[in-house]
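Have a look at this one before I ask anything.
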């Protein structure tokens, strides 16, 4: 007897019902939050991020100086009672500028990561899961985008879009999801051959559902590591873009710009590098702690 | 498998052609040119220059000529550096970048994997915290700041190492460190996270239960299964690092290929822009191809081909 | 410096364990000082030369490197005077058109004699359309030269002639007092015809390179360094005191600065701006004069800059002294005129000193002018954009001026930071409102500044034009009388500074990092970074 596809009838109910074996889906995020709360480092990270956000909001008003108020008679001053973080080469208050810069940098860092997360994960997931020709074409597209010189993109954007946040996100969004997409795709290539995926497929779960519910949670580790790297990369690329004229225009300055300005005066005025760099590092540590905590909390195998 | 290889070769060629076309189009559509200068050139002089470099040909002709030449392996002359051709630029600068890049890759792989594995095995103990805090710090210090700091501390303050230039092994140390910091940190974190995942898998518990020594379990099973994200990452990394970093090479005055990627764009040195881009992308695609091959070698379950082609 | 540095120190120390274990060998290299008796100078020219072909070289780094290897008909001395070099003497006809140079006995470093024909060959080569030299136009003063270069005339019609082995005769198309100075310039160097014919690529290969100047090239490692040795066949070799000259090609000036500080180079002509403060009282810093001007262009075809009162108000409402003292910090002079200091007037005095200042900063006056133009207290003034090319100094100057205009006039401007070539393109197409610019002369004469602003001039880039101005420039260019010429240029500058299509900000200086034991390095105010012909180490 010959077996043909016509002889089979797919299960008529959708995959959700079939998987209604475990606990209710509602409980998942509560569970994650519960486990995250128990992770002290992750909570410390969350609190730090919250504090940074608060300071970014109110910090620029605390010292009484505006971020662009110059005083050419008080340039390059070391931290003192009047200027808590000292002044820059145009006599502007670094405390105000650092917190003003936090708005730009935190915003850009987080926004870019989110954009790249969504695009990269979906793109990489589809490419890896479908495999074969689709994967082949999708990966070549990644390579094309990866290969065209970044500086060319940037100049093109500058000419046709002009400076501004839109251009920054376009420039960053064009290239920064590529690594993530490749990594997710690599993981999915492995995971899709595992038994539980086969099981889910047999139970009639849709491709999207398998991807989002089964494959991606299992690649959370590499995704979160890549994401946390994306934040500083975005912050510093923004500095580079600002230097080229695509970023926020002077006198507003982001952390990246403040740090690269500060680097130039390293020998004479180290605090000009120190303050932005320390806050970038603190931000990074905080995000990493949260990321690690999140990874553990999201890990399906850690559920008790 | 042969079919797969042929198909891959085909799509890679198409991608390469698209890269050339897009890069050519962007490079010629942005304002400026190789002979733009603050002092305007007289018309006659400009005409002579354009004639010499065929810049007065219609764009489509410049494009098809370029494609023809590239098929013969000729990437053209540099418009800006009179004594150089793109071929000679790659020939003399790539080995330097490749040397520096190989050192960095080796360093990143050895140190990064070691740190990642150790911190996964010692999760939430001081070794783990130390390694991860260090890794995070090197994320948050970009290469231009790190390079500056390294030079300032080791060359200027301590005077242990030469600050810059290329030729002796001492001169290779600081740029190697500057170039490795980020990949090392990234590999360490990737390795740690996937090790943690693998360590919880049932088959490792089984292996342990079978009585295999912890060492054997880790080497034979855990690392092999955890290495996949690292392999994915180092494919493009090798292509990128071996073709040179503009920042590190510029700060340490290393005569590598990295500067040409940036300088050619500022100079609108069209042939050099295209030449280094083609070189890089071919390299990148080759590396990604090797990575895909490595996947199936690491984990034989992985299939790259459509199931019907198997 | 505290946590940050320690953290990275710790990190690098940890990472170093693998590679650096016991690399004590490195410390000698950086600590080593040059032996006082050894006559060698290590100089960072801060760029890889684009070419070493005298006919094609355009940039300052190339010109500087070539100047160490070549002599032209003339050479500038340390007082910025033209002195005889390969030409022993010369005569200029009364109408300023005919130049006759008498050559001295000199040799190429392969032993061939330098003849008048070498000059003819070299100049015609530079003019040949097939050579496609960017600086061919430096020779356009010669009768028939432009025609030959543009394909309208023939080689034979170019009025440069070797009368005999030692006599060179040149006829100009119009009087051009700057021509004599140009003969010290790279495009007008002679080359050895035999070498050029035998191996046309001689300029790219060190072992085939033949020159006639104080030094000869020994090696060229791209992007690293060029090594030169004293040239024993140079006619004036007795004045050359150095045995060896190493020219470093390191582009990153901060890196160069660190190498200078750790004793690996002796002189660098670029000083990182941020280090100026710490170098202020150091013996390593030498600030030399420069004949360039830093200014902003107004686009006079756009409102409200079409109104001279607005331009004047903006020009008067900034504090130039504060900018040069607190922002640029290189001892620049505030500019209240367009032509810099350093040009000789007809009476032998300085052109700028004779001309004086054309305006005075005055906030009250500026406010009044702005009100007259219809913007009292800056009300209703459109938000202008100031464009500059990516550079930290330009940015800081722009930020300072932005703040000054806001404070003094109550107007807001936007800063726009663009890539160099995009800036050039914007200037070219008048696609800007205000744009930062700088200008250094092609030759040591005010004409190089004044002729920029003739109506529709190639380098005008403001949309401004004035018939009277054009007439004055024309008059200056046609006359052979230096007094009439200079007078016309003074008058032209006065018109320019009344109309103010450009806003001068400061006159540049030329700061150099130079070890105090280097003597007699010539640092010219234009054209070259440095000349080591007579330099020595003490």
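Lettered A, B and C in written order, each chain numbered from 1.
To be clear about the criterion, a residue touches a chain if its C-beta (ideal position, glycine included) is under 8 Å from a C-beta of that chain, and two chains touch if they have at least 3 such contacts.
It should be emphasised that the depicted structure is a prediction, and the values quoted were computed from it without experimental measurement.
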item: Chain whose Cα centroid lies nearest the overall Cα centroid; value: B
item: Greatest separation from subunit C - chain, by CA centre; value: A
item: Separation of subunit A from subunit C, taking each centre as the mean of its C-alpha atoms, in whole Å; value: 46
item: Distance between chain centroids, defined by C-alpha means - subunit B, subunit C (Å); value: 38
item: Chain centre separation in whole Å, for subunit B relative to subunit A (CA means); value: 21
item: Where subunit A touches two or more other chains at once, by residue number; value: 155, 159, 267, 273, 277, 281
item: Residues of subunit B whose C-beta touches two or more other chains; value: 30-31, 137, 141, 148-149, 152, 266
item: Contacts with two or more other chains, residues of subunit C listed in rising order; value: 5, 7, 254, 419, 422
item: Residues of subunit C defined as touching subunit B within the complex; value: 5, 7-12, 14-16, 18-20, 23-27, 29-31, 48, 50-53, 56, 58, 129-134, 136-137, 140, 146, 149-151, 203-204, 221-225, 250-252, 254-255, 258-259, 261-262, 264, 419-422, 424-425, 428, 437-439, 442, 458-459
item: Sites on subunit C touched by subunit A in the complex; value: 1-5, 7, 254, 272-275, 277-278, 322, 325-327, 390, 392, 395-396, 398-400, 402-403, 414-419, 422
item: Interface residues, subunit B side, partner subunit C - complex; value: 30-33, 35-45, 47-49, 51-53, 80-83, 92-93, 107, 110-111, 134, 137-138, 141, 146, 148-156, 159-167, 170, 173, 176-177, 180-181, 184, 250-253, 255, 259, 266, 268
item: In the complex, subunit B residues that touch subunit A; value: 7-8, 11-12, 14-15, 18-19, 22-23, 26-27, 29-31, 132-133, 136-137, 139-142, 144-145, 148-149, 152, 186, 189-190, 193-194, 196-197, 200, 228-229, 231-233, 235-236, 261-262, 265-266, 273, 277, 280-281, 284-285, 288, 291, 295, 299, 301-307, 309
item: Residue numbers on subunit A that touch subunit C, as the complex places them; value: 68-70, 72-73, 75-76, 89-91, 155, 158-159, 163, 242-245, 249-251, 261, 264-265, 267-270, 273-274, 277-278, 281
